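Below are two complexes that have subunit A in common, paired first with subunit B and then with subunit C.
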Partner chain A sequence: MHDRGVIITSFFPLAIEKAEGKKRSILTAAAVTVLVLILGVFKYFNFFMSTVMSTVGKTWTTLDIILPVGISFYIFSAIGYLLDVSWGMMPAEKNILDIALFLSFFPKQVCGPIIKGREFLPQLKENRRITLKNIEAGIQIFVFGLFKKLVLADHLGVFVNDVYHAPSAFGTLTVWWAVFSTMLQLYFDFSGYSDMAIGMAKIFGYDIPRNFNLPFTARNISEFWDRWHISLSSWLNIYLFNPITVSMNRKITDIPKEKRKKLKNLQMYAALLITFLISGIWHGAGFTFIVWGLCHGVWSVLHSMYSNYMKQHYKSFVKNKSKFLTVLDILLTFFTVNVIQVFFNSDSLGKAFNMLKCMFTLHDGINQPYTWSFFAYAVLIVSTLIAHFHNKEKRSIENTEGFYPLMDLNTVKGLSCFFFFCGLTICLGYFGETQFIYGKF
Partner chain B sequence: MSFIDFNFYPLTAVLFVIIVLIQFLLKKKERLSNTVSKIILLCFSYLVMGLYDWRFCLCMTGG
Partner chain C sequence: MKSFCKFCIKALISGIIALFVLSLFCIMYYYTGVHVFNPNGATDYTWQKNQFLSKCTEGFALVKMDENGYNNIVEPAENIDILLMGSSNFEGTCISQDENLGYILNTELETENGKLYTYNIAISGHRLYTCIKNLKNALEVYPPQKYVIIETNTVSFDIDDMNSVINGTYPTIPSYDSGILYYMQKTIPATKNIYRNLDDWISAGQKNDEEVITEEADYTGSEYKEVLDKFISFAAADAEEAGVRLIIFYHSETDIDENGNIIKSTDKDALNAFESVCENNNVIFVDMTEDIYELYENEHILARGFINSSVGKGHVNKYGQRIFADRLMKVIGSLESRKEAE
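Then we have the complex of A and B:
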């Protein structure tokens, strides 16, 4: 699969760059179609066939198709590069070695981030070297990621999996506690991998952009997606949402101005829904992911309608929002994201609805105030507060940005802290059979 | 094979040493050192990918 991906991503852009007009569009469409087909066959063939067969009342024997590691990230990186070349945003790369390394660079292989060609290919042209400064920064970022994964995510996973396996055996409060631990587990798991990828790439002299930026400080769904899985959100925004809205806008140029504005809004809502639907499908072959994507899409549309209305009618209220209301917005966003996440974490729609039923009906059962969840929340809150107070000039919630608290390893204090943190990771880490959640995508 | 597979670490350490050696030995030939480093990084990436997929095959076949 990978060699075919490399060949398509190497030769098509060269032809696309030379072609003009309609020929260029046809070549781009052909290349993107082939890449999407590769992804479709490996990832969605069984799901598609079993759905079709079950609708006609037949059964489908699942084929043993091995999903190549990181295929979704690989294909999205390739499509992004193809479109960049087609839109004239970067020249086509002539060196097949650079293309192959850009697509399969080992730190980002399993769970991304989805790197854009225009960010990574220029780095391969420079003579990137292993330096002490890069090693110092990279190893610290890597250990942060390892701590998130082994100490926080994997311990949370034990509890979350138990509750999701048989939610009716647990009391209502414990089910809610598990739901609130699910999103945290995913965050520490995925951002842990991203940190490890960033750190490992840094050690070898390459820069990978950050994938998370304190997502739980988001005040609304739109901001949440600006802070969560940034590489996917920006990919979807650049290569899907924007082209859809632009192509839709072209069709309404000869309509009167007032009507056009309303239509533009409607088109934006449609584009949002389509984008989130595709985001859901990208995550996995299953109806749970489709529903998850649609939930986010509907919520984004509702938020967009609400913010448009508020901007038109209550401009001063929006501008001078009190701190209390801002915190309330953050909590509401956090709550809703957690509830929607039930679909993402369930194996089937039936299990997801069963989980929701257990959440919203009072019932007795095992009550387990899982301590690791408290610990994970404590780490999250303390690190968010540190980020908030880090930059004294920008002490507002909207300006709070995550950062890596890198220490100078040339000092005894820095080195002691670093080894203490490594020791903590080894002592508290979970070393059972485990995987990265996004590894299966 | 990924960051939580502990076989990954000795292999990555070997890769690291090889690349440091190449960069040291080809200090004056920057372009060549860059190309060789990239080739080795690519080979390693494919090795990691292959090992990951192979392990997945074993899991699927119950091996």
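Then we have the complex of A and C:
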């Protein structure tokens, strides 16, 4: 499958680059359609057929289609590159090996990040080498990711899986504790993998952009998606949301100004809903992902409406928000993201609603104040505070950015800390059967 | 070359510093020392004399072993009344020493004939096969006056293993108490934890690679029943020779289904076979299945698992130890009353 993807991604852009006008659009549409079809067959065919057949009252025997590793990340990278060439953002790459390396670069193969061609392909033209400086940084970032995965995510996974398996067996508080551990597990799992990918690429001399930036400090849903799975949200923004809004805007040029503004807003809301719906579908073949995407879409629309209204009527209030209200915004965003995540984490809609029922009804059951969740929260809070106070010049929540606390491994102090951290990761790590959550996407 | 050598020296010094700090951490987080070979044969191995144990990987416990390398805190009495044998579930190193079965029995077991002293020689890895293999020696080294209780978490046994116990060929569990790894684990606390985790990691990988096909034995078959009978009568004979009653204490593994109901995992045929063989050999069989079930049904508490591990899985927790003790106190109490009446 990968070789077919490489061929399409190699030859179509060359033809697209030479073509002009309508021909270019047709070629681009054809290439994107082929790539989407590949993704559709491998990932959604069984889901689509079983849904269609069940609506007509027939059964569908699932085909044994082996899902290629990291297909969603791979196809999105390829589509992004095709569109970049088509829009004249970058020249088409003539070397098929460079295209193959761009699409199948092993550190990001399993769960991304989704690298854009314009970010990665130019690096292949530069004289990138394995240097001691890169190894020093790369290995530390890698171990940092390993700690997140083995020590935090995998331990949290034990509890989250237990509760999601039989939510009605647990007391209400424990169910909530599991819900608040779910998002944390996903964050440490996925950002852990991303860090490992970034670290591994760095060792080889390549730079992969970061995928997470303290997402739980987001004050609203829009900011959350600027900080969470950045490579996907920026991909969706550039290659989906913007083109949809631009093409919709084109159709309303001859409408009076006042009406046009309202219509523009409506179009933006529609584009938001479509983008998040596709984001949900991208994550997996299942109604739970569709509902999850729609929930994020609806929330984004509501937030957009609310912020437009506030900007119009309470401009000074929005500008001079107190710290207390900002913290409240952060907590509210965190709470809502966690509740919506129930759909993402459930195997079926029935199980998701059962989980929600267990969350919102008071009932007795097993009490499990899982200690690894407390530990994970402690790590999250302390690291966020460190990041916050690290930026001495612009110390505000919106300017808080994550960073890798890299040490100088040429000193005894740096090496001792690094060895200790490696040892700590092994001592505290969970070594049962686990996998990367985003590996299945 | 010079700078490389300089870096190697720095790395060596840093490694030693890191290992030292990590060991300090591990003393509190996970440090169990090592098992040493037990020459008296009461168990295959023991912990080291007065060994300090810390475990925060499954539950939170700090434990100090007694002078024989077993988990007891009550001062040894001159005469032992009840001898406990079994695996880590009876040993109870995942919980405080004042919450484990041996301690509860020692402090709360009062019968019509007065207080009974319990000595616990249960130690990890000692399944029923090993306990029965060692029973004779255990009864000689730590002779109880009244009862010997052996714990098992299964009633489904392997014919070959039972035969090898009867024939005296059942293997002794190795204790790895010599060589460089032993000294490293003994003297550098971090080594044990790192070794254990890496070993788990490797075995998890191997487990994924190998497809294990297990063949269920025919627990209703005459061959199984015959061997099982010999196996239990072998143990009963040792107990009789020492003049004590043998009690076999069974507690099943638990799991919860999607609706939150407890799953009873015991094979009914195996349980019936075991129960009838015990009865035939005058061995008291205590089945904890219903007690575990009731604890969950009435109080939503599972007998296994801890707040830092999977729910309902792993070792027996303090609630499990409590119901074990309550049941044993009832059983022994009624046996003592009967004896008194006779």
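The criterion applied here is as follows: the second predicted complex is superposed on the first by the 441 of 441 C-alpha atoms of A that agree within 3 Å, B and C clash if a C-alpha of one lies under 4 Å from a C-alpha of the other, contacts with A are read in each partner's own complex, and residues count from 1 in each chain.
Convention: a residue touches a chain if its C-beta (ideal position, glycine included) is under 8 Å from a C-beta of that chain, and two chains touch if they have at least 3 such contacts.
Keep in mind that what you see is a predicted model, and the values were worked out from it rather than measured.
When the shared chain is aligned, subunit C comes close enough to touch A:L424, but subunit B does not. When the shared chain is aligned, no partner comes close enough to touch A:M310: not subunit B, not subunit C. Residue contacts after overlaying the shared chain place A:Q368 against subunit C, while subunit B stays out of touching range. Judged by the touch definition given at the top, the superposed model places A:I255 against neither subunit B nor subunit C.
By the touch criterion defined above, A:F105 lies against subunit B but remains apart from subunit C after alignment on the C-alpha atoms of chain A. Across the interface of their complex, subunit A is touched by residues 7, 10-11, 13-15, 17-19, 21-22, 25-26, 29-30, 190, 193-194, 197-198, 200-201, 204, 207-208, 256-260, 300-302, 307-312 of subunit C. Partner subunit B is touched in their complex by these residues of subunit A: 2, 64, 66-70, 97-98, 100-101, 104-106, 109-110, 124, 127-130, 145-146, 149-150, 193, 196, 200, 203-204, 434-436, 439.
Against subunit C, the residues of subunit A that register as touching in their complex are 158-159, 162-163, 165-171, 364-372, 410-412, 415-420, 422-424, 426-429, 431-433. By the touch rule above, subunit B contacts subunit A in their complex via residues 2-4, 12, 16, 19-20, 23, 30-31, 33-35, 37-39, 41-42, 44-46, 48-49, 52-53, 56-57, 60.
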